[in-house]
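Handing you this structure, nothing more for now.
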Amino acid sequence: MNHLIEKANVLVEALPYIQRFFGETIVIKYGGAAMIDERLKNMVMLDIVLLKYIGLNPVIVHGGGPEITRMLKKVGKETQFVNGLRITDDETMEIAEMILSGKVNKDIVALINKSGGRAVGLSGKDANLITATKHMATIKKSDGNGGVIEEPVDIGFVGDVESINPEIINVLNKEGYIPVISSVGASKDGKGYNINADLAAGEIARALNAKKLIMLTDVEGIFERFGDETTLISTLNLEEAQILLNSGKLEGGMLPKLQACITAVKAGISRAHIIDGRKPHSILLEIFTHEGIGTMVVA
Amino acid sequence: MNHLIEKANVLVEALPYIQRFFGETIVIKYGGAAMIDERLKNMVMLDIVLLKYIGLNPVIVHGGGPEITRMLKKVGKETQFVNGLRITDDETMEIAEMILSGKVNKDIVALINKSGGRAVGLSGKDANLITATKHMATIKKSDGNGGVIEEPVDIGFVGDVESINPEIINVLNKEGYIPVISSVGASKDGKGYNINADLAAGEIARALNAKKLIMLTDVEGIFERFGDETTLISTLNLEEAQILLNSGKLEGGMLPKLQACITAVKAGISRAHIIDGRKPHSILLEIFTHEGIGTMVVA
Amino acid sequence: MNHLIEKANVLVEALPYIQRFFGETIVIKYGGAAMIDERLKNMVMLDIVLLKYIGLNPVIVHGGGPEITRMLKKVGKETQFVNGLRITDDETMEIAEMILSGKVNKDIVALINKSGGRAVGLSGKDANLITATKHMATIKKSDGNGGVIEEPVDIGFVGDVESINPEIINVLNKEGYIPVISSVGASKDGKGYNINADLAAGEIARALNAKKLIMLTDVEGIFERFGDETTLISTLNLEEAQILLNSGKLEGGMLPKLQACITAVKAGISRAHIIDGRKPHSILLEIFTHEGIGTMVVA
Amino acid sequence: MNHLIEKANVLVEALPYIQRFFGETIVIKYGGAAMIDERLKNMVMLDIVLLKYIGLNPVIVHGGGPEITRMLKKVGKETQFVNGLRITDDETMEIAEMILSGKVNKDIVALINKSGGRAVGLSGKDANLITATKHMATIKKSDGNGGVIEEPVDIGFVGDVESINPEIINVLNKEGYIPVISSVGASKDGKGYNINADLAAGEIARALNAKKLIMLTDVEGIFERFGDETTLISTLNLEEAQILLNSGKLEGGMLPKLQACITAVKAGISRAHIIDGRKPHSILLEIFTHEGIGTMVVA
Amino acid sequence: MNHLIEKANVLVEALPYIQRFFGETIVIKYGGAAMIDERLKNMVMLDIVLLKYIGLNPVIVHGGGPEITRMLKKVGKETQFVNGLRITDDETMEIAEMILSGKVNKDIVALINKSGGRAVGLSGKDANLITATKHMATIKKSDGNGGVIEEPVDIGFVGDVESINPEIINVLNKEGYIPVISSVGASKDGKGYNINADLAAGEIARALNAKKLIMLTDVEGIFERFGDETTLISTLNLEEAQILLNSGKLEGGMLPKLQACITAVKAGISRAHIIDGRKPHSILLEIFTHEGIGTMVVA
Amino acid sequence: MNHLIEKANVLVEALPYIQRFFGETIVIKYGGAAMIDERLKNMVMLDIVLLKYIGLNPVIVHGGGPEITRMLKKVGKETQFVNGLRITDDETMEIAEMILSGKVNKDIVALINKSGGRAVGLSGKDANLITATKHMATIKKSDGNGGVIEEPVDIGFVGDVESINPEIINVLNKEGYIPVISSVGASKDGKGYNINADLAAGEIARALNAKKLIMLTDVEGIFERFGDETTLISTLNLEEAQILLNSGKLEGGMLPKLQACITAVKAGISRAHIIDGRKPHSILLEIFTHEGIGTMVVA
C-alpha cells in the first residue's frame, strides 16, 4: 500500500506542471535513438499520448535520414554530401519523400494510435503546411591566389522553409488529434523538397506560437567542451546561444538544433530544449520536473 | 536521474486509467477523517484538482455532522436523535444550514481554489439542485401485548431527496469549475431540509449518470465480520449488497453509504466504492490502480 | 374591463425602459428593511425575477450585519467596533461567514427560486470571485501635546476588495441564472475576510461594466440637511458627490454607499442610485419610471 | 408615489404570464378596426413590440380586404363575389397583391419599427413561405326539377394553403425580428394567389407549433345568439366549435376565424382566441390577465 | 461526346473566377430590358441562382419606374418631373411603393424561387434597412437680370439615402437566402420615400463592403461619343469617372449609374460595372470571363 | 460575344446538377490512365477542385499497383501473384506502403493544392481510418481424384476492410479540405496491410453515406460482350450486377470495381458508376450531364 501511495504522490507532484502547460502547444522534434530503439520508441509514444490526455497539444516533427540512406543503398543509389547536406536529385528526392511521408511518418502514427492516441500524419505538402524554396548552397574554394571564394553549388531538392500555414494543425489540435509532420515541403508549383527536420520544427513552433520546443537528440545536451560530459550547459540565453552557434565549436548535427532553438525563442517561444532522447521518458522529465534535463535556450 | 525516470514511469502507468475516465463524471462523498485532518484535507483537494486537470469531472458532496454538533453545543442547544437521525427543529436547522452551506462548503471551496482548482460551492437550494420532502420517521414501540408497532414520529426538518436538477452542475463542469455541494435540500416552498450526505451523493451520481461514486469513510471498507480487518470485502454485487444491507450486521454509519452505492449502481453507475479516507490519496489509489481499494459495489 | 386596459397601459409604458436596459447588467446591493420585512422581501424577489425575464441581468450583492450581531449574541460573543467596523477575530469571522454565505445568502436564493427565478448563491470565495486583502484601520489618538496622531489598529479579518474575477457571474448570467453574492472575500491563501457589502457591490458593478448600480437602504436618499426630508438630493455629479463624501456631514452607514456609487460611476457605470428599500417595488420604480427615486450619482 | 407603486404592482402581476409564455411563439391575425383606427393601430404595435422584448415570439398575419376594394374602385374595376369570395382575375390579383404585400404589409412593418421593434415584412412568396393551390369553389343551383346541384365555378386566383415552409420565420425569430406576413401564396410555378388571412394564420400557427393563435376581430367574440351581447361564449372545445361551425348560425366573417382556430387546436396549439380588436391593448389583455377576453377554443 | 467534353471544359474554365469570388458579396442593380423581356428575365434569375450555389452572395436591388408610370396612368394620375425626378405626392408615393415592394419585388422573388433559389423580398422599410431623408431639389431660374439663381422646389416623397443598416442582409446571406431589395426608404418616423434605385444600389454595396457592383442597363456601357458604338469605354478610374460625370456629356439615366459606381469604388469596392442587360447572361459574362463586358470603374 | 454567351449557357445548364448534389459527398476511386497521363491527371484535379468549390464534398481513394511494381523491380524484389493478389511479405509491404502513402498520395495532394484546392493526404492508419484484417486467400487444387479442393494460402500483408472510422474525413470536409486516402489499412496492433483500393472506396462510400461512388477505370464501362464496344451496359440493378459478378464473364480488374459498386448500393448509396478515366473531365461528365457515362449500378 505504501508503494501505491508513493505512486499517487508522484501524480500529485505533477499537478503544478499540468496546470502550467494546460492547453499549450509543445512542438517535439523526434529523432535519433528514440526513433530507432523499440523500447524507447514505445516510451516516447506513451509520453506523447499522456501529454495529449492531460490537456497539452503535442505536435510531432520528424526527419528520417538513416532510413533514407538505407533505402538509397537498397536501390543502389550513391549519395554525396555538401556541407553536410545530401545532394538530392530527382530520384533521391522520390526515395526521401517516400521514406519520410510513407514509412517513418506512418510508423509513428500507427504507434501513437496503438498507444491509445489519435494521430494524423501530415507532410508539408498537406494543406499547404510547409512552403519551401530551394536551398542556395555554396562551397568555399581557393581563388588560385591564396584567397578563398564562395561558389554557389546546386544540391538539388534541398529546401528552406519559406512559410508555414498552421491552419490544419490548429484544426487537428482542436478536434483532439495529434499531428505528426514529416519534414517535406512543397514549392508553390507543388514540387517536393527535403527540409532539415530540426529547422522545420523550429519554424513550426514559431508559427504555432508554441509554449515549448523540445529537440530529442542522442547526447545529453550541449557541452562546454565537446566530449567532456562534466561540462553540460544547462541554460543559454539568446546572445550566448548565438555566439556558440557562430563559434565553430559545435559538431555538425547540433548546428541546426541550436539554430532551431534560437529561431523559436526569438519568435517568442519562452523555452527551447535540446534533450537526450536516449533517456527513458525524457520528454516527461523535461516537462514535469523542476530541474528539467539537457540544455535550455531562453530569451 | 533514475529516480526521476521512475517518477515518469508512474505517470505513464496512469495513462490507461486517464483514458478510461476521460470526460467522465466522478461523484465523491467527502467526509470523515479526510475532512478533519489538515494533511489529509490538503491531499484530497490536490487529488480532486488533479482529476479535473486530467480531464475528469469530479463532483464533491459533503455533510458536516461533527461541526453541526459543535456549533449546537456552542449555542447551548441540546440535540436528540431518533434512529440515528437528529431531531431538527427550526433553530437546529438554521445552525445546520449555516454550518453546511456557510462554513464547511466554503472551507472546501477555498481549499480547492488554493490548490489551483476553480471550485463553486452550492447547496441544494441553488438553482433548485436538490428538491427535498420531509422524511417520515417511525419508531418501534411495544403494543402493550408483547407485540411491536411502528409509530410515526416528527423529527422536523430532516429531508429525503425528491428530485435532483443537475443543470447547474453540468454548466459548471462544462465551464471548468468543480462543484462542491452541501447536503441541504429545499422543499418546493423554499424551506431548507437537512439530508443525509451519503444518500444525497448517491442520488446526485444517479442524476448525473456518473461513471463512479466514491464514498470516503474512516474504515478500510466493509468487513465480513465487523472489527476483523482480515475480512474486508473487495466486491459486492447488487444482490449481495442488498442482503448485507438488510442483514442488520452493519454498523449505523455504514448503512446510508451502502444504500447510496446500491442506489447508484441500480441506476446504471457501473461502480460505487466505499474507501478509507484516512489513507493518503485514497481517491487516486482507487481510480488509478488496478487493484483499487476498499469495497466496491457492482451490478 | 377599463381597469384591465389601465393595467395593459402600464405594461406598455414600461416598454421604453425595457428597450433601454435590454441585455444590460444591473447590480443591486440588497439590504436594510427590504431584507427583513417579509412583505418587502417578497416584493424585491419578484422585482428581480421580473427584471431577469424581461431581458436584464440583475446581480444581487448582500451583507447581513444585524443577523451576524444576533448570532454573536447567541453564542455569547461580545463585539467591539472601531470606526464603525467590527473587530473581527477568528471566531467572529467564522460566525460572520456562516451567517452571510450559509444563511442570508441561501435564504435569498430560496426566495428567488420560489418566485420563479433560478438563483445561484455565491460567496467571494467561489470561483475566486472576490480576492481580499486585510483592511488597514487606524485610530486617531492624542499625541500628548494637544495634537492628534493616526495609529494603526488591528481589527482582524475585515477586508478590502483587491480584485474581482467576474467570470463565474458571466457564466451564470449567460445560462439564465441570477447570481446572489455574499460580501465575503478570500485572501490568496484562502482565508475568509468580511467586506463591506456596499463597497463590494460597487467593485462588482465596476468589474461587470454594469449599466446601473442600485443601493437599497432605509432612507429616501441623501438629504441636503440630514433629517429634513424636504431636502432630498435627486442628482449628484461626481464632483459634488466627492465633496459631500469628504464633508463629514453624512451619517456613517451612508458613507460606504456613496463611496460605492462614486467608485462605480468613475469606472464608467453611467448611473448609481441610493434608493429607499422600504418602498414597495422600489427597484422597479427606479428602473421603469421617468423620474426615478432617491439620489442618483452621475458622471 | 402610490400611483407609481400601483404601476409597479401591475408589472409584477404580469410575471406569471411572462414566465408561462417565455420563448413561445404567438401567431396574431391582425385585421378589422385595429388595422384602421390610428390610435388602435399604434396600440397593437406597442403590444407586439412589448411581447417581443419580454421574450415571446409574436408572428403577425394580415389581410387587407377593404384596402383592396378601395384600390379596385380607384382603377374602375368592379368586383363580384361568390360565396363571399372575391372573383379574382389577373388584374384583380395584381392589385390585391400590391395592396397586401406592398402597402398594408409595409405600413405595419414601418409602424412596428417606429415603435422600437425590428419587423421584416414577408409575403407567402418569400422563401417559399406559403405554397398555394387554386381554391375549388362551387355554387348551388336549381337542377330544374326542384332539386339543388353543386356546380364548380372558377373564381380565379383565390388560393388554399397547400403547405407552409416556416424556415424563414424561425430564422427571423431567432435573430430578434418580428415577421409580418401578408396572406398571398405562390403556386409551384410562382403564380400569386390571394388567401383568406384567417385561414393562413391558422396554418402558420400549426406549422410553427405556436403556443397561441389570436384572431383580432370587430366583435367581442362569438355569441350564443348573434346580436345579443349578453350571450358571449367564453370557451369552446373542439367538438362544440365544430358543431357551431357547421350550424349555419355564424355570420360569414366569423366562419374562417373559427375554422382557423379549429385547425390550430387540432394540430396541437393549446389555445386559439377570437378577441375584440376594438378594445385597447386587447392582445395584452388576452395574454396577461387571468380571465382573458373574447372566445377561446381549446382541445 | 466531344460536345460534352467541350461543356466540361467550360465549367473548368470558370474555376479561377469561382475561387476568386468565393464567399464574396455582389450587388446587382436590376433594371431595364432585363426586367421586362421574359426570356432575359429568366436568364438573369438563373444567373443569380447559379452565383448563390457556387458560393457567392448576390444581392439584388431594383426600381420600377415604367411600372409605376403604367399604374399612375391607370388611376388617372398625371405626373410631373423636375430635373428628371418625379414629383411624388402622397397618392403617387402610395402607388409607387405598392408597385415597387408589392409587385416588382415579389415578381422577382417568385421568379428566383421558381428557378431553384430561395429569395426574400425586402423594402428599405424592413428591418430599418434604408433610412431616407427628403431630397432637396432645386431648379434654376432667371433672376430677371440676365443671371441664373437656384431655387428650392418641393418634389414630395423623393428621398436620399441617409444610412443603410445591412444587418438583415447579412442574416439572409448567412442562412442561404438571396435578398431582393426595392428602392423604398423610410424616414425615422416611418414615412416612405422613393429613392433612385441606382444610388440605393451603390450605397448598399458600400454598406456591405461588396466585392463588385453591377448595374444592368440597356446600352453596352458608356461611350466616348454618345451614339457611336465604336467608342465604348472599357475602364474608367475614379478621376476620369468624376470628370465624365461633371462633363454634362452623359444622358440622364446614366448619371445616377455612374454616380453609384463612383460612390461604391470610393468606399473600397474594387470594381463597379455598367453592363448591357440586353445580352443574355450578361452577369455571368461579366464575372466569369477574362475580358468582362461594358464599362468598369476602378479606383 | 456569342461564343461567350454559349459558355455562360453551359454554366447555367449545370445548375440543376449543382443543386442536386449541393452538400453531398462523392467518393471517387482514382486510378488507371487518369493517374498516369499528365494531361488527364491535371484535368481530374481541376474537376475535383471545382466540385469542392461548388458545394460538393469529393473524397478521393487511390491505389498504386504499377508504381509498386516499378519500385519493387528497382530494389530487385520479385513478386508473385495468387488469384490476382500480390503475395506481400514484410519487405514488399514496406515498399507498397511507402509508394501508396508517401509517393502517390502526396503527388495527388500536391497536384490538387497546385490547382487551388486544399487537400490533406491520409492513409488508413491515420486517425484509425481503416481497420484491416488479414485476407484469407485460397487456391484451388486437384484432390488427386479428379476433384478440386480449396486450400488456404498465406499471401502475407494483404488485408480486408474490417471497419471504417469516418470521423477524420468528416472533420476535413467540414473545414473545407479535400481528403485523399491511400488504400493502406492497419490491424489493431498497428501493422500495415495493403487493401484493394476499389474495395476500400466502396467501404468508405458506405461509411460516409455518400451520394455517389465513381470508379475511374481504363475502359468505357462494363460490356455485354467483353471487347465488343457496341455492347456497353448503361445500367445494372443490384440483382443483375450480382449475377454478372458471379458469372465469370468479367475480366479480373473489373471484379473488385463491380463488387465495390454493389457494396455501396446495397448500403444505400443511390448510384455507383464505373466510368472511363481516359476521357477528359469524365467525372464532370458523369455528374453534370443528363445521360451520364459508363456503367451505373442502382438499387
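All chains are identified by letter, namely A, B, C, D, E and F, in their written order; residue positions are counted from 1 within each chain.
Just so it is clear, a contact is a pair of C-beta atoms (placed from the backbone, for glycine too) under 8 Å apart; a residue touches a chain by one contact, two chains touch by 3 or more.
Just so we're clear, the structure is a prediction, and the values are computed from it rather than from any experiment.
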Chains touching both chain A and chain F: none
Chain-contact steps, minimal, separating chain F from chain E: 1
Of all other chains, the one whose Cα centre sits farthest from chain E: B
Same vs different contact residues, chain B with chain C, by half of numbers used: same
Maximum centroid distance from chain C, chain identifier (CA atoms): F
Distance from chain E to chain B - Cα centre to Cα centre, in angstrom: 71
Intercentroid distance (Cα basis), chain D paired with chain C, Å: 49
Cα-centroid distance, chain D relative to chain F, in whole angstrom: 57
Numbers and ranges of chain D residues touching at least 2 other chains: none
List of chain B residues in touch with chain C within their complex: 74-75, 94, 97-103, 105-106, 109-111, 113-114, 118-123, 125-128, 168, 171-172, 175, 177, 184, 186, 188-192
Touch list for chain E against partner chain F, complex: 1, 4-5, 7-16, 18-19, 22, 43, 46-47, 49-50, 53-55, 116, 279-281, 284-285, 288-289, 293
